[in-house]
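Consider the two complexes below, in which subunit A is the common component and subunit B and subunit C are the respective partners.
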Partner chain A sequence: MMNRSAFCLFLILLLSGCNFLPTNIVNEIDMSQGVGYDLSKKSNIKGTIVFPIFKKDKTSTTEVRAAIGKSSKEIRTILNNETRYPLVSGQLRVALYGKNLAKKGINDFVDTINRDPSIGSLVQMAIVDGDANQLYKMKKFKNDNVSVHIQELLEQNMKMGILPQTNLQSFLFQFFQIGQDPYLPLIKKEADNIRITGVAIFKDDRYVTSIPMKDFFIFKALVDKNSIGLRQFILANHDKVVLETLKSNAKYKVKIANGRPEFTITLKLKTRLQEFAPSEKKRQAFDKKKYQKQVEQEIEKSALSMVSQFQKHSVDPFGLGAKFKEQFRGFNEKQWNEGYPSVKVYVHADVEILQTGSID
Partner chain B sequence: MQANIRHQVSPYLVFFIIYNSQVGVGILSFQRTIAEKAGYDAWIGVLAAGCLVQAFIWVMYKLLGKINGDIIDVHTAIFGNVLGKSLSLIIMIYYWLASVSVLIGFIEIVQVWMFPTMPSWILSTIILLSVYYCVSGGFRAIVGMSFLSFIFPQILLIGLFIFPLKIAHFSNLLPIMNHSFMDMVDSIKSSVYSIAGTEALLMYYPFIRDPKASKKFAHLGVLFTTILYTISAIVSFTFFSEKQLKTTIWPELSLTKTVTLSFLERFEYLYISMYLIIISSLITLFLWCSSRGLKIIFNKKQKYTLLLLCLLSVILCHLNGSFKDMLNNIIIQMNLWVFYCYIPVLLLVLTFVKRGKQNDE
Partner chain C sequence: MNLKNSDKDKGEGSNKINNPNWLERLSKSNDFIHEHTSLKDEAPFWISYYRTLISSDILHKDVLPYLHEHLSLEELKSSIPVQEIIFTKDEDKIIQNILNGSLAIQKYQYDEDCLLINIANSKFRDVGMATMESSALGPQLGFIEELDTNINLVRKRLPVPELYVKEMKVGELSKTKVAVLYMNGIADPENVNTVIQRITDIQYDQIQDSSYIASMIEDNSNSLFPQSISTERVDRVAAGLTEGKIIIVVDGSPNLVILPVTLMESFIAMEDYSYSWILSNFFRLLRLAAMFISTMLSPMYVAIMTYHYELIPARLLETLVGSRAAVPFAPFLETLFLELMIEMVKEAGIRLPLKIGQSLGVVGGIVIGQAVVEAGLTSNVLLILVGLGSLASYTSPVYKFSNTIRFIKFPVIFLAQWFGLLGVFLAFLLTEIHLLRLTSLGRPYLSQYPIRNTSFQDLWVRLPFSMQKENPTTLRPQKKWKSTGKGKKMGPANDFYE
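This part shows the complex of A and B:
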């Protein structure tokens, strides 16, 4: 008995005192919270890493470092030469890619984030209209944590606003899905602020086109399961109607004739009226039926123009190809890609205005 | 030959032993292997494999019930002492190799996800020390471990699926049955290997107090693990797109990367650590089977055979590398031929050829 307890004691001492476990003590590492990649000269990449510095009895500051190299980890190695503590990536929150780099393809830089097991899959990704480095370096955020700011900016807009849900996992899902192309938010440094300006649409991993903010509402309703958001409709005789979605549901129907698909997208929106400004400056009761019809036409029109914009660039963020593949056993990827720009897509909107607020 | 009643366990505990023997590192990565050829229809293969395992359980109970002993008794009864024992030796080696492959698989996960620089021999020594301690506690201690491995991580395992299901794309599974028959057979084959492990019953059968009553619990156990594996496959299939899944080595661990709790940002570290309970109880069970078999075959004390197996395991773990794939291959082949072909044949032989001899006794 004595023997055994002595053995156990020995084990406990061995395990607690052992040095072979690598330790990461929080104030002895530099946790990179944001990374950014921009195209530099001579096909080099300018990488930016943002990490906070915590000081005793002082507000923490953010440190922005940049280096030029060929690969993401090379940049990190170069940057490690100038930081006080080792750089670790487990706390990564945002990855930004410059627009010029995104036009050439970002796969090489997504790969490293995907590969590293210490990085979670809820990392936010965004394309910067301009320079990611410049955005991180904004003076305003010197004492504020810029990467957390961007992360929360994006997340709050995805949750409550009209930005479609994206993160690393959704990007990878769409990137690898046959018959679908990924999309990411597009942000821009404007004067002294960071703004979301659009949604960047990709072909494989290359940035191709973007949709402006006014189309977010419909785009989100078409790609997300349940979207909420606000949109203003200026109708035929300049009546202004602002609707907020309470519930949305997009159904994709595929009709196959001779192996060629035809899509009908039925978009059901349950909304409530937020603002109503009729063109005649006279107070009048809200005519639900009339405006529902007009709003439906407006939505159908802009959805169709969005679809034709995608077809022109042969990008498929709605995943029409994937939906076709689900319904059609003889799916051929090459044939689909060739036929995609001329595929017929119909949009049918079904808007219901449930509430008009406390007045009618 | 039944074991002493002091070492026996209640029939219902067989449910937990079966569960324990089937769930190992396989569940973290099988989604990718089964989808290799059959794509997203592979979850049907898992269900089919579950049916096969049910049949296998029935065969084992029939076989062992005739002799009322373990596989070594069966072999000696049919083939005599020398040939029977050498055939049993092959099965014991299989148990040992299976435990080593689980150990190597887990060590790889720990090295990739948690401690990249940690040498294998340290991890294997630490795990095997606790395994040795457990096995020396006897069969009842091992069943206790099985029970714990069910209670603790299992609740988490199922609860975890809520997070990925929030963003699941169920339409990924369509169109159903879009693969050829041979592709489906391939997915069944790899699923059978993933949910293998019930063969340990061949050794612990004499330790069940009322084997007849335990039969239904064994079937229930297999049913439970089959459903667990199927759900796990479906959750991963709806969470990843097909090409993405094929690039992911441990889909289930990548799934847990999306779990974020307000007090715990990265769940997978906790998950891997919790997995140690599952892994060590599985290794315990298989090493117990193997060391007990060797004890009977060579008439040595179980302490020494166990020690020898542990030492050999540490050495094998240290030598891994290209060796790992070879080991997995050997186990897959052995599992298929020894358990799904040889054991049913053995039952036939026992039923028809040896009937006369049985009556004599």
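This part shows the complex of A and C:
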């Protein structure tokens, strides 16, 4: 009897080709690969969803749809009314936030990405200097996959360039960590191109300030382990030195005196000389020790100015508060926030030029 | 007269007036011949035989010339130049021998005494190449359909008295000769007894092939996995014997059965031993990987295309989705359709005569496959996956096992359709559980647990010969060491340097 009913069940399953779970057959869904959120009028949000449309033996085209609503899922529901297949978000690659929205806080629109189990944590996030919707709608990318383009643009710069490593995972970590503020890349539509223009620094989930391109090198060295990148140093007497980092290591030391912390950041850089143009135009050997010293000074100077910029806006992307909290049991978040702008930070750079190329 | 005398002497206690019983039973067939050697009555002998079983050559050259003289049966026995001559009056024995191609000689038509001369026509094909398990290197010799020749081939490779042969007759009607071969002093007597016991317990009308015996005596006949290896390679059999395995030879079957075996042995080709151990490990693991590819690739396609679109890398998305864009079926039906088509091509290729079969491969594989994709019934990515999977299923050197792999993907495809990747994993898990429970002659079939040292000498991987020193312990061999170096390190032969 038992066997017969089991057999019947099997037959039913077999003949119906039944699914136990809701299916998402790849060519019967519209996979959103990019989302964008901009501030609209009356505290509404303009949401943009980008999804590719695949055709047999043809290159795919990109569809950009926008709708105005109050929450991310509401926007998706509205957009679903105009797509051929149901919109799904498991292939999400990049999430962009307009600068104006970011100034008000992006937490509501990160939360939905965080909460959805089908979205991975390697989704790239960026702040758009301007309008995310406009960026997605660029004509140039009509037949190109704009979301993947932005994702790969950001990723290659993080891997090989001087952009600090960020993604959904790092953003959430920094956001929820007490005593640290997140940072995300800042991109901009410039003429016919998408460019990385800076790193947006947040206070909690609100965009506060940004650091320009020329400070990326030091910023990345301070926040990432083993960052590699290239930077040009114009030294005291207009000697131009271009160094490429081979290995870097930033160490944060906290010294607590009278319950007030003092930070010493030791930045060790192992570099390779890429270009050297002395001001005196005559052939001379590269004086390693001299230039190491000068570069160290240069780095220390710009690092300190960066720190004071952060202190002025009371943002803490280096996570100094978190490092302090690790060391000090009586850590009080409120007290720390109040005291942060006046905390003493020393930067000590240790630059070593390992390779000078095949000339010397 | 002599004739009368013998009749009286032997006539005690039996029915001497009637035909012997066996004559009556056998003469019902038209090819049975019972005749007097001469037209004249005084000629001494009556002979009876099956025309279709004997070699008339031997009959006319070696036997008939002696039958003109008046000799007693004993004298005849010593003078006829044929090896196998029996003198008997046991009816069963007479019937049996005549049915196996013997000639029965009687002095007198109703005489009970009978001289049985084996002049069976034993024309079999010659010993040739092993066609199903061919290899590029190594011995090419394969078994044939005759039991004695097969045992002869094995004995030539292992000329030691410890090679024991135990012969039996199985089959109520077929009376098939079955021999069990094992190395005394190496094979576990318990295994030997189990095999002999199980074979003698078989009650079945006919045995046509060694596979009959193999599936009748295996531990779990409901399993998809063959718990013995059928091989036609002489080297495989001889190597198995020396490790303590038991071989079953069945008359009329070119495949010998090796017992007990482990799953991993189905991935071992004898050719492995012709290469460096590093190469042979590569091939062995390649075959293992091929099994996973063959059983998992198309189910994975079904699972990912139906449920888990998130898993597709961004760069692969266009290829995968684009190729499926115009396909009207669900991935499951698409895959099932293509898999069944490929299986049909394979099946037809095997059943058809050789010459037609070859052209069928081209027709089936390329023409139909291309047409199906062009018609938009399946995606071309799937065609690649299915083709790769079916190619991979044939990498196993054991034919029976590759057919198991061929079949096993179908239930997995169904599970993938029902539960997605969870189903694929479930299939893997259920197979693993089944394999862990499975035994071959009571020995663990998977050889994964318990972990044995010897499994890493020559099973999962093959170490150099100098490090394969032990016989596989799962077989409980009575001889522990393979090399005469015993437990000592077996380097290059030292006396060479001395």
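Brief remarks on what is shown
Convention: the second predicted complex is superposed on the first by the 343 of 360 C-alpha atoms of A that agree within 3 Å, B and C clash if a C-alpha of one lies under 4 Å from a C-alpha of the other, contacts with A are read in each partner's own complex, and residues count from 1 in each chain.
Methods note: a contact is a pair of C-beta atoms (placed from the backbone, for glycine too) under 8 Å apart; a residue touches a chain by one contact, two chains touch by 3 or more.
Keep in mind it's a predicted model, so treat the numbers as computed, not measured.
Residue contacts after overlaying the shared chain place A:F286 against neither subunit B nor subunit C.
Residue contacts after overlaying the shared chain place A:Y85 against neither subunit B nor subunit C. With both structures placed on the common chain, the touch criterion links A:Y346 to neither subunit B nor subunit C.
When both complexes are overlaid on chain A, the residue A:L122 reaches subunit B alone and has no touch with subunit C. Of the two partner chains placed around the shared chain by superposition, subunit B is the only one that A:Q169 touches, whereas subunit C remains out of contact. Judged by the touch definition given at the top, the superposed model places A:F54 against subunit C, while subunit B stays out of reach. By the document's definition of touching, of the two partners only subunit C reaches A:I25; subunit B does not.
When the two complexes are laid over each other on chain A, subunit A has residues 20-21, 90, 120 in contact with both subunit B and subunit C. The touching residues of subunit B, when paired with subunit A in their complex, are 112-113, 115, 117-119, 122, 126, 129, 167, 169, 171-172, 174-175, 178, 239-244, 247, 253-254, 257-258, 260, 265-266, 268.
Residues of subunit A touching subunit C in their complex: 13-14, 17-21, 23-27, 29, 31, 33, 52, 54-60, 88, 90-91, 93, 118-120, 145, 148, 151.
Here subunit C touches subunit A in the complex through residues 305-310, 312, 314-315, 317-318, 320-327, 330-333, 376, 414, 417-420, going by the rule given at the top.
Within the complex formed with subunit B, the subunit A residues making contact are 11, 15, 20-22, 90, 117, 120-122, 165, 169-170, 172-178, 180, 322-323, 326-329.
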